[in-house]
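Two complexes follow with subunit A in common, the first pairing it with subunit B and the second with subunit C.
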Partner chain A sequence: MHYIFEPGFFANSTVRTALVLGLLVAIVSATIGVFTVVRGQSFAGHALTDVATAGGAGASLAVISPLIGFIGGGVLGAGAMDAIGVQRVKGRDIATGVVLGAATGLSALFLYLVTLQTSTTGSTQTILFGSVFTVSPSTLPDALWLSAVVLGALFVIRRPLMMSSISSELARTRGVRIRLIGLSFMVMLAVAVGLSAIVIGSILSTALLIGPPASALKFSNRFSTAVIFASLLGTLATWLGIILAYDSYYWSASHRGLPVSFFVVAVVVAQFAISSVFAQRRRVRVALSNERHAAPEQVGWI
Partner chain B sequence: MVGTDLLKVEDLDVSIAGRMILRDVNFRIDHGEFTGLIGSNGAGKTTLLRVILGVQAAARGRVSVHGQTLTRSNSSVGYVPQKVVFEPDLPVRVRDFVALGLDGAKLGFARRSRQNLELVDEMLDAVEAAALANRRIGSLSGGEQQRVLIAHALVRKPELLLLDEPLASLDPGSAQEIIELLHSVVVHQQVAVLMSAHEMNPLLPVMDRVVYVANGGVASGTTDEVVRSDVLSALYGHHVDVLHVHGRVLVVAGESDHAKSMVADHPAVIVE
Partner chain C sequence: MFSSFMTNAWISGTVIATLVGVVGFFVVMRASSFAAHAIPNGAFAGAAGANLVGVNPLFGLVVFALGAALGIGYSSRRTRSDVATALALVMMLALGAAFLATSNEYEPAINALLFGEILGVSSSEIVPVLVLALVCALGLGVLYRPLLMSSISSELAVAQGVNVSLIDVAFLVVLALSSALAVPVVGALLTFSLTIGPPAAARLLTSRPHRALACSVVLSLLTLWAAIASSYWSNLPIGFFVGTFSALVYLVARAWDVTRRRRLAHVVA
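== the complex of A and B ==
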């Protein structure tokens, strides 16, 4: 155990805060992420991370909680995307691209001003790539209620959201209010990205949002299974990232710990690679099994 | 309810972005009738179905079910759209997809009732897809997916089922199975079917009525009443011949040798 958990790991209140926050973020990101991947809105999710960057940098300038900045920026971005036309398939890339461009420009300005204000690059590094070990324990209650609200709201709209994710045309004829459901989802996505930005930074929050759900979807034939599986993978990635980052402090004589976000993303990528290999093997096995059971006299379509 | 028109379309004009797509459309459908909505690609079949569903506004006219103006998500109308792409990794089992036909628009925390789950199984049995219940919908063949889409539309027990080109992209064997399934739905469940297709021949054995869409107008009635040279010539605005060959109907542009030679090469094609 000593080789995994360096001395003082569990006694450290900063680590405990990081672990709880990591758990919340992993679950929220995974749950929202499953729908994001199924709806084909990964690019929109990534754009919201850039908007969250602008919000986080703005919060740093205004000396308010970064969580408020990340989430506030994300929600404004979601509203802007909806107004431009993210709900329509053809308008989706345009809306995302326009908001992404505007947000990146704002981020550049705000981060420059932050650098001038603080005379260091530490804040910029924290905003872009996260620093879960520096998060104040007072952030936890806010993260907790925000997570509860997002998960509760998602549970309430799960069926119309599934319908519209499968086929917006079919959903519309069943009476689903596509626009309202889509906008609600975008707001939830913005909150998830904001929470994730606290742990691994705004730029890398896409990794937690997309990676674990993409891996889980290869093996799940139900939304609920995919959400549970993705949450487990996300939690594993986050906690392993925190453990490795903590341990990395002891890896060299200079005692320079490596960033959590790097380890989290490394685990997410490894999970995706492993799940892809297993999924490919399963596809081959199923194809061979289907071939064996196919009727020999079956006539093909010439 | 028998004796009243199930669906009545009266004096309907439809325009999209300033362009008139359909004009002065009139037809009716009774209970337990199989109606083919026939026309070439781009004739306005999908637009007409969308107006009947209430998702596309009409410029003029009225669509009513049992005499009541139709509203969106009317439970007496089921719908199978032209193209639903089910990605292979979509995490939805067949059973869950059919159940969404019942509660897909519902908000809330409630779980599915046992009664609804039984209804789903009953509907999967009706379309002979019970064995597929636990399969991922994206892993099914095109014909199997059509069966499941039909179960999804029927699970609310509609009186009228609209299908937009359900035979498109199916091989002839699967297409025939879907037609037989729909005929069985009409006969055993007394559901009226309005199904669009650009080729009427596969439907001839089961079709009670035809709604023929061409040139922005519509002709409706039994096949013998509508698929005639004089009726279709009036609809197309130029002479067309209707040929009967080995029990199949060919609609041929009357004065074009090129068109006739095309039909000789592709006997199932409707030529305008």
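== the complex of A and C ==
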């Protein structure tokens, strides 16, 4: 036990804040992420993280809360992508890419100005790659109500959103306003990205958004099961990441800890690799038993 | 602006813009923009790792970009490619972050790697850069016809006896090499911007492949030259100008495309 949790792990209030934030972020990202993966909007989700980076860098320049910057930037980016037409599938990647590139250019400018303005170093790494151990506990209430609002809003629009995610034609015939649903989903995505940016950094938040949901969807086609499973995987990844990063301080004689985000991403990627292998085996088994029993074929989302 | 210390910047900038203009044209044709976004991030991890173990950064850039490209090529055949690409991308960035955390890199060097540096190619590196660019150009020359065909229609290419999956991998390798060359100058996070902005604009300006390719190279050159000059004058990071000018070129082309369509519709009506 002592080797897993190095001295002072649970007594440390910074660690407690990090664990609570990790849990919140994992759940919100997993829930939004399941829809993102099913809608095939991984690239849009990733582009929002780049726009959120510009917001975070701007906030750092203006010395306001990074959470406000991340989310503000993300919401503006969602609006911009909607305006230049990411809803249409044709040319969607290009439009997304152009917004992403312009936003990254802006981040370059802001971060450069931050290095001129202050003598503190490491703001580039904090914004891009995150450092949950430096988040002030006062951010926690904001993170809590934002998570509650996003999850609540998602619960309200879950039916039309599911329908338009699976088939936009079907949804349209049922009277769903696709554009409105799509735009509100993008805004929720922006908030989710902003939240996970304070834990693992803005350009790495894609990991929590895409990884656990993609792994979960390999095992279940049901939205509710996938959401629960993805939340569990995401929480495991953030908590394991926090524990390993905390411990890594003691690994080397120079006491140079590795970033939390590195471990979180490594766990997420490992989860995806393992679940890919399991899903592959299961698919082979199902195919074999189908051959024997001639039962209807069962195919996963991915 | 044209003093001797800027000579390398202009030579490397011109070579990179020409190469990226051609490669980007195929990226846009093949709609492989997500891979084009992920590979420079792999190169970033390579440069950070090379600094850590003390080998030539160019070596790290090339090895990691190739690794990322082949990884994406391999995994996209087995699973849904956008998820695999997204995860490969963040894994590479996280690895780069871990390398930076363990080395003693100071902030301007990190910013240069991520957001570009006009003096990113030193005089000792200019020869290897030119050699690699030549390799890329030769590769593109050999691949040109089958690549163009498979980019326009993979069914047509298969019918003509082109080995499409081989072309896919070969193209990813060329993309990796050109990204590795562009990253030190344009920055890991903005190489992508140059890769798709000008070529996407070129495709809006003309629908004929050869003309679009030429147009893509010209726009890419203009974008990078303007970015180098602006960065030199203003002392701001080149990445900012690459990102802004690429988006601007695309938006202008789009506005032109929309007005042309309107005029055509008007004439027909």
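Points worth noting:
The rule we apply is simple: the second predicted complex is superposed on the first by the 289 of 302 C-alpha atoms of A that agree within 3 Å, B and C clash if a C-alpha of one lies under 4 Å from a C-alpha of the other, contacts with A are read in each partner's own complex, and residues count from 1 in each chain.
Everything that follows uses one rule, which is that a residue touches a chain if its C-beta (ideal position, glycine included) is under 8 Å from a C-beta of that chain, and two chains touch if they have at least 3 such contacts.
Owing to the predicted nature of the structure, the values given are computational and were not obtained by experimental measurement.
Following the overlay on subunit A, a side-by-side fit with no clash is recorded for the pair subunit B and subunit C. When the two structures are aligned on the shared chain, A:G101 is found in touch with subunit C, with no touch to subunit B. Annotation for subunit A, partner touching more residues between subunit B and subunit C: C. Contact with subunit B, but none with subunit C, is seen for A:R222 once the two complexes are overlaid on the shared chain. Shared-chain residue A:R159: touches subunit B; no touch with subunit C.
Annotation: apex subunit A, arms to subunit B and subunit C, angle 90° (C-alpha centres, rounded to a multiple of 10). Legend: residue contacts after superposition of the two complexes on their common chain; A:F272 is shown touching subunit C, with no touch to subunit B.
When both complexes are overlaid on chain A, the residue A:G201 reaches subunit C alone and has no touch with subunit B. By the touch criterion stated above, A:L76 is placed in contact with neither subunit B nor subunit C.
When both complexes are overlaid on chain A, the residue A:A190 reaches neither subunit B nor subunit C. Superposition on chain A places subunit B within reach of subunit C only down to 7 Å, the least C-alpha distance between them. If you check the complex, the residues on subunit B that touch subunit A are 53, 55, 72-73, 79, 81, 84, 86-87, 89-93, 96-97, 100-101, 103-109, 134-136, 152, 171.
By the touch criterion given at the top, residues 37, 40, 42-43, 45-46, 50, 93-94, 96-109, 111-112, 115, 121-125, 128-129, 201, 203-204, 206-207, 210-211, 214, 256-259, 261-262, 264-266, 268-269, 272, 276, 302 of subunit A touch subunit C in their complex.
Note for the complex: subunit A touches subunit B at residues 34, 38, 155-157, 159-160, 162-163, 166-167, 169-176, 217-218, 220-223, 225-226, 301. Residue ranges on subunit C touching subunit A, taken from their complex, read 28, 31, 33-34, 37, 78-80, 82-83, 85-87, 89-91, 93-95, 97-98, 100-102, 106-108, 110-111, 114-116, 187, 189-190, 192-193, 196-197, 200, 236-237, 239-244, 246-247, 250-251.
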